[in-house]
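Below are two complexes that have chain A in common, paired first with chain B and then with chain C.
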Partner chain A sequence: MKPAGYLDQRNPCIKLLAVVLAALSLTFIFDPVTPAVLFVITLAAGRFLGGLSLRSQIKPLWIFVIAGVAILLANIFFNKENATSPAILSLGAVKVTGPALWAAGTLWLRLMSFALFSLVFVKTTEPQHLILSLIHQLHLNYRVAYGTLVGYRMLPTLQSDYQTIRAAHRVRGVREAQGLLHIWSRFRRYAVPLLTGAVRRAGRVALAMDARAFGALPGRTYRERIVVRRSDWVFLAAVVAALAVVVAGLWMIGITRFTIE
Partner chain B sequence: MTMKTEAVAMLRRAGRTIGRGFSVLPGVVARRLGLTFKDWTTRELVVAAVLSVAVGVIFWGWGLLWSSAFQAIPFPFSYALVGVWMMGGLLVPYIIRRPGAALMGELVAAFVSMALGNQWGILTMASGLVQGVGAEVVFGGFRWKRFTGIALYGAAALAGGFSILLDIFVYSYYAAYSWGSIGLGAILCIVGSIILGGMLSQLLGEALARTGVLSGLAISKGKVKRI
Partner chain C sequence: MAPGETVLVLGPSGSGKSTLTLCLDGLIPHVVEGEYTGRVTVAGLVVEDGPVHLLAQEAGLVFQDPEAQFCTLTVEDEIAFGLENLCRPPQEIEAAIDRSLASVGLPGYRARRLATLSGGEKQRVALASVLAMGPRLLVLDEPSANLDPRATSELFGLLRRLAAGRRHTMVIIEHKLDELMDWVDSVLVLDAEGRLLYRGDPATAFYEWGEVLSGAGVWRPETVELVEALRRAGWDVPGSPLDVAGTIDALSATPGLVERLRSSTYAGTDTSGRRLRRGGGPASGRDSVLEARGLSYRYRGGGAPSEALTDVSLSVRRGGFLAIAGRNGAGKSTLASLLTGVLEPPRGTVFLEGRDLTEMPAAALSERVGFVFQNPEHQFVTDTVRAELAFSLSPRAGRKGARQLTAEQRSRVDTWLDRLGLLALAEANPFALSQGQKRRLSVAAMLIRGQSVLVLDEPTLGQDESQAAGLMAMMEDFRAGGGTVVMITHDMRLIAQHADELLVLAAGRSVYFGTPADFFSRPGLVERSGLAVPALGRVSVGLHLAEGTPLGLLSVRAFVGDAGAGAAVERREERCR
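Moving on to the complex of A and B:
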């Protein structure tokens, strides 16, 4: 268990609000530099405030480089500005235009930033704390919240069930049919036993919860109460200020754009 | 000095009021709409949660395929495959058949697929919200009395429609593509949602009901044969 960093100690709902605000502001920005700067700032925040190594932040994002290449290709071939813009680079019949590169870079870096924001959020937030915070701060119905937490807790069980089913199929010599036409039959062969097992287990858990009078009373007591401290508001203000400084600063030196063009 | 402290106190009071307003608002809206989860039994709640989490894993796997293999499909046509992401708001209400099931199923599934790590991060929750609301609105339009046939496919269609509307805005499609191709994407998205979201949910729900494991839940009423 790593020591709780600054980000780990922040109120989950406030942290979520900060992430939403950062992501929302990015959707109004149409240049690749601003999301790149926010990406680097988030990396640094994850490293120094959340105690996450750079490796653990970058590695899960590797697969999305493929998506970046695809976005680039899509824009080179289909961007509607291509017909009217001069080519920066010509590869035979294909011309690469400035607007295509610009749009691809914007979209890809926007996606990478979204992915990193939520990665840092998920890695610095305990699911139990998030659920408790949703109950205490957003007044989510506690039956729904705890029910959901129980479901979430079964995620590792689902994984081990999957391996069991796979092994059971293997030992009985079930052949894995390849190809597109067999996707449904393969899906069904795993999904049905997997979900059946999960539903059975859910039924047993629910019985145990009922036996403990879960949900019998409108309110309940908590061993741990998640509160919003002044430091959480300071954190939120700091995030908003950082966003404003980055966007305004880059806008003043002529980098940040709020329109397409 | 006193002015300053008074101003600080006023600001603090204002902040507290706004904060409280925001935190109470979702509950008030939910109560108004009748989404109080009062009729739900504990078993229905936990089964819904587990199903949502399982659908979340499907979402995540589909997202990995999307970020790799499906990138070979260019923009408007790729939207034919988005429908799978409507399943949370369709499979769960199809099985549980209670107010709020669509919203809960889609939101929890979206959260799980985000937490497992996908390309869209926090935006997954926004998609989950609009898709869940889209499905819930249609089921709510039927007073939560009908969850099959036209209600299920209508919910799938509206969830798909809301989904691409959000994407057009969030990913600035209007900036990069012509409205013609965006329109084609919307049609493909809605049709794909009906087939990959609605029909797949129905097939999977019925396959599960046939095993008998859902006995006692709404989907199995009058269906379970005892020997």
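Moving on to the complex of A and C:
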């Protein structure tokens, strides 16, 4: 396990609020540079304040790189500015225009930033602390919160069950149909044994929790109280300030744009 | 039940043992709905009136699967969970965490993540999290079912100390009786309909009610089976011993028995009841059906750099029974997957009937080797029992109905349905069957195609006595027809009774390959590999040390075979002459 860094010690709800604020402000910005700058800043924060290696931050994002290609293609073919703008590059009948690249870059970098914000949040947050923080700061019903935690616990089991069931079916001589058309038949084939197992396990956990007086009294105590310290507010203020400085700074030198035009 | 008493609950599966445990804790009737009559009182609290939080303090439940009773991520949070629910102040909770961890022998485990613990450690944390609430009644529902032999004996050692402390009344459901016999005060037996069959001391239960218990599908200690078998053979075994030490004493005191065993015809090292194959040793090249040579395997990706298997060699002859044993995580399931082609073995390491597995087409392979997974439900691919069998013969028929089968195939399905006792349930959904029926159906779906090798991954897990016996009978039939069995199991008793070869894995390496009898007569090796000598093996060793009888008598059959007919029978025969 990695050592707890500055980000790990921040209150989970405050950290979540910071992520939401950053993501929200990006939705009003329509240029590729601003999200790119925020991406780099987050990367650095993850590295130096969260103890996350660059590799561990970038590698999980590969799926969004693929999404980027899709966004680019969609803009090359369907961006409505294409008809009126001059081509930067022409490949036969296909012309690549400036607005298409601009829009694709904006969307893609915004997506990458959202993904990275979430990734850094998840990797620096202990799930149990998030749950406790939701109970203590946002006054989420503790029954709901613990239910969520138990569900989270079951995910790895479901995954390994899925692998086992696939192997077991292959041994029976089931030839797995490939391709998109067969997603439904695959889903149906594995859903029944997976769900049977999950429902049974969920029932058992529920009994085990009831047996230990879960929900028997109106309230409960907590061994560990997640609190909001002054340093958490300082962190939030710093995030807001950084956002403001970046956006305002880039806007003043004419980079940040708040409209599509 | 008197305060401080330890009660063992027995009964075939479906007899209501688990239901009983839920009644003791107030989950029935407070949480689980149903029709409830009668009255349960725990520590002076009438369960149906008592508030659940008071009941939860008085009665603590430990379940079979540790994973299915945890609801947090770390050891300390898990132990705190119950106390937090009872609104105890944090300082008190912190103290209780340390206290209960110490009492289960896991000091220093506070901050550990549950996911990094072994099965045995998880079960002890589950026990600690219940003990932290200070219950006077402890209810344990097959706590060792998912544990390997070492972890089981560690858990039982812990429970034995708790029982001896007499501070907790204990109700325990278990199949592994031989380990419990010296510390259980009384036995409670339920029949298949959930009625009380017997309640009283263990000796009376197993000796005087033995037939009834066996008839009801209840496991009996192997020591009792030995004494009864010797008596049937005419030996006058005194008393009604239950544990290993008592049985050794009783056998020593049996007139003439020790002398007979000492002078037994096949005394020495070659003393397994199932006589060693002529020539001895593992099957060599020519007559082997399945063979692995220097097999190593490493999982790709996933970040686990260590090898799952290192340089494992084995061979099984036609009609043989190879058991694979070892601690959890020793590589048993990986080996089974490689032997069946579920995982692709490296070229030139696994051979089936002399052919490299990697050179065989998938269809040819699955025609020759069947693989039975731990959970039978994972292997069901159709909606009815009949279609499940039909699918094995023709996947088309499995999907579209039995009309797609030839007359010969249809009669083969019917024969198997009859043999499984499932004719009446032919149109039922496989998921709706009982545990034992599911297990037998999953095996039958593999055997119906006439495979020559069957690999099984812990098939007797969670099966009661008659279900396990039904499965083993299927295996014996299969072998009689020339089939070869490879079985992963934690059940040392099963190995001693059925296997003729044993492969023991430890940390991915083969630490033993040979006969079970030879293995079990080397206690040091057994200990190092994290396994346990079955009860009769320990009787054999004890008797050897005390009386100089031969080692390696591992099964009832071996003992009775060596002892021959006892004095009483001989007298009777003389009279007849």
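The working rule: the second predicted complex is superposed on the first by the 256 of 261 C-alpha atoms of A that agree within 3 Å, B and C clash if a C-alpha of one lies under 4 Å from a C-alpha of the other, contacts with A are read in each partner's own complex, and residues count from 1 in each chain.
Throughout what follows, a contact is a pair of C-beta atoms (placed from the backbone, for glycine too) under 8 Å apart; a residue touches a chain by one contact, two chains touch by 3 or more.
Bear in mind that the values here come from a model prediction, so they are computed numbers and not experimental data.
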Inset, instruction - With everything superposed onto chain A, say whether chain B and chain C fit together or clash. - result: fit
Legend entry - Touching partner for A:L119 - first (chain B), second (chain C), both, neither: first
Legend entry - Touched partner set for A:S56, first chain B, second chain C, both or neither: neither
Inset, instruction - Using the touch definition from the top, say if A:L107 reaches chain B (first), chain C (second), both or neither. - result: first
Inset, instruction - Give one of first, second, both or neither to describe whether A:V228 is in contact with chain B, with chain C, with both, or with none. - result: first
Inset, instruction - Look at A:V174 in the shared chain and tell me whether it touches chain B only, chain C only, both, or neither; answer first, second, both or neither. - result: second
Legend entry - Touching partner for A:L207 - first (chain B), second (chain C), both, neither: both
Legend entry - Partner contacting more residues of chain A (chain B vs chain C): B
Legend entry - Superposed arrangement, angle subtended at the Cα centre of chain A by chain B and chain C, nearest 10 degrees: 80
Inset, instruction - Please indicate which partner A:I165 is in contact with in the superposed arrangement: first for chain B, second for chain C, both, or neither. - result: second
Inset, instruction - State whether A:V192 touches chain B only (first), chain C only (second), both chains, or neither. - result: both
Inset, instruction - Give me, in Å and rounded to a whole number, the least C-alpha distance separating chain B from chain C in the superposition. - result: 6
Legend entry - Touching both chain C and chain B, counted on chain A across the two superposed complexes: 127, 149-150, 192, 196, 201, 205, 207, 209-210, 214-215
Legend entry - Residue ranges of chain C touching chain A (in the complex, touch as defined): 22, 25, 27, 30-32, 51-53, 56-57, 59-61, 63, 65, 67-74, 76-77, 80-90, 93-94, 97, 115, 129-130, 133, 337, 340, 342, 363, 366, 370-371, 373, 375, 377-381, 391-392, 395, 431, 445
Legend entry - Residues of chain A touching chain C in the complex: 126-128, 146, 149-150, 153, 156-157, 161, 164-165, 167-175, 189, 192-193, 196-197, 201, 204-205, 207-217, 219-225
Inset, instruction - Would you tell me which residues of chain A are touching chain B in their complex? - result: 19-20, 23, 27, 30, 60, 63-64, 66-67, 69-70, 74-75, 77-80, 103, 106-107, 110-111, 113-119, 121-122, 127, 137-141, 143-144, 147-152, 154-155, 158, 188, 191-192, 194-196, 198-203, 205-207, 209-210, 214-215, 228, 233, 260
Inset, instruction - State the interface residues of chain B toward chain A in the complex, per the touch definition above. - result: 15, 19, 23-24, 26-27, 30, 36-37, 40-43, 45-54, 57-58, 64, 67-68, 71-72, 74-75, 100, 104, 108, 112, 114-115, 117-124, 169-172, 175-178, 181, 204, 207-208, 211, 213-214
